[in-house]
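As C-alpha cells, the structure follows; a few thoughts come after it.
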Amino acid sequence: MTRYHRIAAQDLGRLGALSDGIFAVAMTLLVLDLHVPAGEAWHERSLWSAGAVSDEQPVWHALTHVGPQFLICLLGFLTLGMFWIGQQTQLNLMDRADRSLTWIHLMFLFGICLVPFATALLAAFPQSRLALLVYWADLLYLGLVQLAALRYARRAGLLAEHTGPEDLTAIRRRIGIVQLLYAAAVVLCPISTYLSIGLIIALQVNSAVSPPIHPFDRF
Amino acid sequence: MTRYHRIAAQDLGRLGALSDGIFAVAMTLLVLDLHVPAGEAWHERSLWSAGAVSDEQPVWHALTHVGPQFLICLLGFLTLGMFWIGQQTQLNLMDRADRSLTWIHLMFLFGICLVPFATALLAAFPQSRLALLVYWADLLYLGLVQLAALRYARRAGLLAEHTGPEDLTAIRRRIGIVQLLYAAAVVLCPISTYLSIGLIIALQVNSAVSPPIHPFDRF
Amino acid sequence: MTRYHRIAAQDLGRLGALSDGIFAVAMTLLVLDLHVPAGEAWHERSLWSAGAVSDEQPVWHALTHVGPQFLICLLGFLTLGMFWIGQQTQLNLMDRADRSLTWIHLMFLFGICLVPFATALLAAFPQSRLALLVYWADLLYLGLVQLAALRYARRAGLLAEHTGPEDLTAIRRRIGIVQLLYAAAVVLCPISTYLSIGLIIALQVNSAVSPPIHPFDRF
Amino acid sequence: MTRYHRIAAQDLGRLGALSDGIFAVAMTLLVLDLHVPAGEAWHERSLWSAGAVSDEQPVWHALTHVGPQFLICLLGFLTLGMFWIGQQTQLNLMDRADRSLTWIHLMFLFGICLVPFATALLAAFPQSRLALLVYWADLLYLGLVQLAALRYARRAGLLAEHTGPEDLTAIRRRIGIVQLLYAAAVVLCPISTYLSIGLIIALQVNSAVSPPIHPFDRF
C-alpha cells in the first residue's frame, strides 16, 4: 500500500455528506417527475366561455393522469428512505473511513442512483418479469454491497469502540431478512408480477411504519 | 423492538443534512423552471436587419411571458422557506433521533417534494376549487406531520434538556394558527378562488416579513 | 415578539448548509445545460461509410455550437462563486442566527436562484439594453440584500466576538466598490451593450484572479 | 491585500460542503440520464392483446437501448469518484482556507461540472480523436488545478500541522502517475481511439478496485 492510499479518503463526515447530497437529489427528482399535463392549463382555454369558472374536469383529468405516477414516486421514496437509514446506521458504527471503504460506499451510491431508473422501468412494464428482475437485481446489489462494506470495515479495523459484535449481527440479520423477503416476493412472479410488486410495496411500507405488532416489528 | 431498530438512524445531524439537500434542490429547481422562451433569441433573427440593435420587443415579450411564473416561483419559495424554518426549529429542540422520528421526518420531506407540483397545478388552474384543495391538502398534511413529529419526540424522550414545555406549546400554537388561517382562506373559495389564493400569499409574505405591528407579528 | 419567533431558526450551520446546497445545484445545472447537439452522434451515420473513421467535422460542429454557451456558463459560475464567497464570509462573522436574518438570507438565496435565468436572458439577447438591465437588477438586488443582512446582524447582536467594526467596514466597502463598478459598466450600454458585458466579465475574472498588482487587487 | 481579502472565505468546512453538493448533483444527474425509451410502455399497447402478458420483447429492447449509456454512466461515476477522493484527501491536509485557495478550488469544481459533458461527447463520437482530446483536456486540467492548489496551500501556510512533506510528495506522485498514464493512453489514439478509451476505463477501474497485486496497487 502506498502512502497515498494510507492518507486518502479518511473523512467519514465527508462521505456522509456526499451520501446525503446524492439521496436528496435522487428523492427530489423522483417526485419532480410529476408534471401537470401540458396543454390543459386554463390560459389555453377561453376564460369567459360558458361554465369555465366551475369547470373542474381538466383538473380531474390531470390528477387521474398523475395518480399512478404518484404511487410509484412514493414506492421509490420509501425504497430510498430505507436504504438511507441503512447506510446512515452503518456509517455511525465506524469512526473513520479509508480509501477502500469509500470506494465500496461509492459503489453503493451508484446503485442508489439506479433506483429511479429501475422503478420507472417497472412502472412502464408492470407485467414484465424481466423488469421485475432488473428492479430486484438493484435491491439485491445494494444489500450485497452493504454486507461487503460491513465485512470490510470489521476486517480493516474501522469500527468505533462503541460498536459491539451484536450490532454487526443485528445489521447482518436485518439485511438478510429483508433480502429474503424480496427474493420470496420475486419468486412468486410466475403467478403474477402484480402479486410480487404488491408484496414488495407492502414490505417497504411495513418497514417504514414498523407497527408494534409481532412479527411485523421485526423488519 | 429489535436491536437493529435501537441502533438505526440515531444521527440528527445527518437528518438535517438530508433535509437541507432536499429543500435546496426543490428551491433551485422551482426557480430554474423559468425559461427564456425558445425561438426568440437574437441569433435566430438577422443581426443586421434594420432596427435590430434597438429592438427590445422580443425581450419584453420574453419577460411578460415569464412574469406570472415568476410570482408562482416566489410563492413556492416562500412556502418552502417557511417549512424549512419550521423543521429546523423542531430538530433543534431534540438532541437525538431514532428510527421512527426519522421515518416521520422522511414523510414530511415527501410532502415538501410535492410542494412544486401542487404549486404548478394551482398556477395552471387558478380558478379551480379542486386545484386549491390539492394545494391546501399538501399544506395541511405538512402541518399534521410536524405535529406528529413533535408529539412522538416528546413521548420517546428525544427532546434536548434545554427544551421546556413552553417551547412545545409555542410551536404547536404557531402551527395551529397558521393552519387555521390557511383553512379560513380556503373556506372562502366559493366566493372566489383568487381571493383564497391572494390570502394565502398575503399570509406567507407576512410570515416572511413578520412586521413589528400587532397582530401581524404573531404569525 | 412571540416565543416561537425567539426559538425559531437559530442554527447558523443549517443556514450555511442550505446555502451550499442551493449554490451547488445552481452551479452544476448551469454547466449541465451544455449539450452535445442531438442527431449528429456517430451511431446516426453509417460506421462503414468512406472516411467515417477520420471524419472530425461533426465534432468540430458540436464544439463550435457549444462554444458561446461555454463562455456564458463560465460567467455564471464566476458570478455564483463570487457571491458564494461573499455570503460565506458574512456568515462567518456571526455566531448565531435568528428568524429575521434567516429570512433575509433566504431572500438572498432567491436572488441566487435567479442568476442562471438572468444569465441565459443576456446570452439570448446580448444586444438588448433591457436584458442587461434585468441582469444588473439581479446583481444590485443581491448586493443590497447582503448590506441589509449585515446591518440587521449588527443591530440584532448576532455578530461573533471576534468580529470588529473594521471587518464590517471592509465588507461594506467591498460590496460598494463592486456595485459601483457594475453600475459604471451598465451606464456605458448606450454606447454598446457588448462593452458593458465585456466590462462585467472582466470585473468578475479580476475578482477571481485578484492579481497582486495595484489597483486590481482591491476588488 | 485588503482587509476583505484577509477575512474572506476562511471556512474549509463550507468549501468541502459545496464540493460534496456539486459532486452529488453531477453524479446523480449522470445516472438519471438513463431513460426508459418513451412510447413503449405497456399502457400504450392493448393490455388484452394476445400474448401481452408474457411479451418481454419491449423490455429487452429498452434494456439494450440503455446498455451503452449505462457503461458511460459508470465511467463518468468512476471518474467523479476518483476526483472526489482526491480533493477530499487534499482538503484534509489543510486546516484553513483563504480566498485564493477557494477560487482555485472553485475552478477545480468548474472542471468537475464539465465531466458529464466531456463524457457524453466521447460517447457520441467514440471514433473521434478530437472528442478524445477534449475529454483528456478536462482530465489534464483537473490534475493541473489539483497541483496548483497543493502548491498554493504550501506557500500560503494553509497546511495542517499533521501534514508532513512526505504527504505532499505522495499526492504529487499520485497525480503525476495517473496523468502520465492518461497521456500514454491518449498518445495511442492514432492506432485506435477505442484502444485509448479502453485503457482509460481500465485505469479508472483499477484505481477504484486497487487490487493488492504489484504494480496495480500503485495507482
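We call the chains A, B, C and D, going by the order they appear; numbering starts again at 1 in every chain.
Basically, a residue touches a chain if its C-beta (ideal position, glycine included) is under 8 Å from a C-beta of that chain, and two chains touch if they have at least 3 such contacts.
No experiment lies behind these values; they were computed from the predicted model shown.
Visitor: Matching over half of the contact pairs by residue number, can you pick out the copy of the A-D interface from B-D, A-C or B-C?
Guide: Interface equivalent to A-D, from the options B-D, A-C or B-C: B-C.
Visitor: How big is the rotation relating subunit A to subunit B when the fit is done on Cα atoms? Please round to the nearest 5 degrees.
Guide: Fitting subunit A to subunit B on C-alpha atoms yields 90 degrees.
Visitor: How would the subunit C/subunit D interface be labelled, same or different, where same requires over half of its residue numbers to be shared?
Guide: Result for this pair: different.
Visitor: Need the CA-centroid distance for the pair subunit C / subunit D, whole Å please.
Guide: So the centroids are 24 Å from each other.
Visitor: Could you put a whole-Å number on the gap between the CA centroids of subunit A and subunit C?
Guide: One centre to the other, that is 34 Å.
Visitor: Name the residues of subunit A that each touch 2 or more other chains.
Guide: 17, 20-21, 24-25, 29 - these are the residues of subunit A that touch more than one other chain.
Visitor: Mind listing the subunit D positions that touch subunit B in their complex?
Guide: 21, 24-25
Visitor: Can you name the residues of subunit A that touch subunit D in the complex?
Guide: 1-5, 7-11, 14, 17-18, 20-22, 24-26, 29, 99-100, 102-103, 106-107, 109-110, 113-114, 116-117, 120-121, 124-131, 134
Visitor: Over in the complex, which subunit B residues touch subunit C? Could you list them?
Guide: Its residues touching subunit C are 16-17, 20-21, 23-25, 27-32, 34-36, 40-42, 52-53, 56, 58-60, 62-63, 66, 74, 77, 81, 84-86, 88-89, 92-93, 166-167, 169-171, 173-174, 208-210, 212, 217-218.
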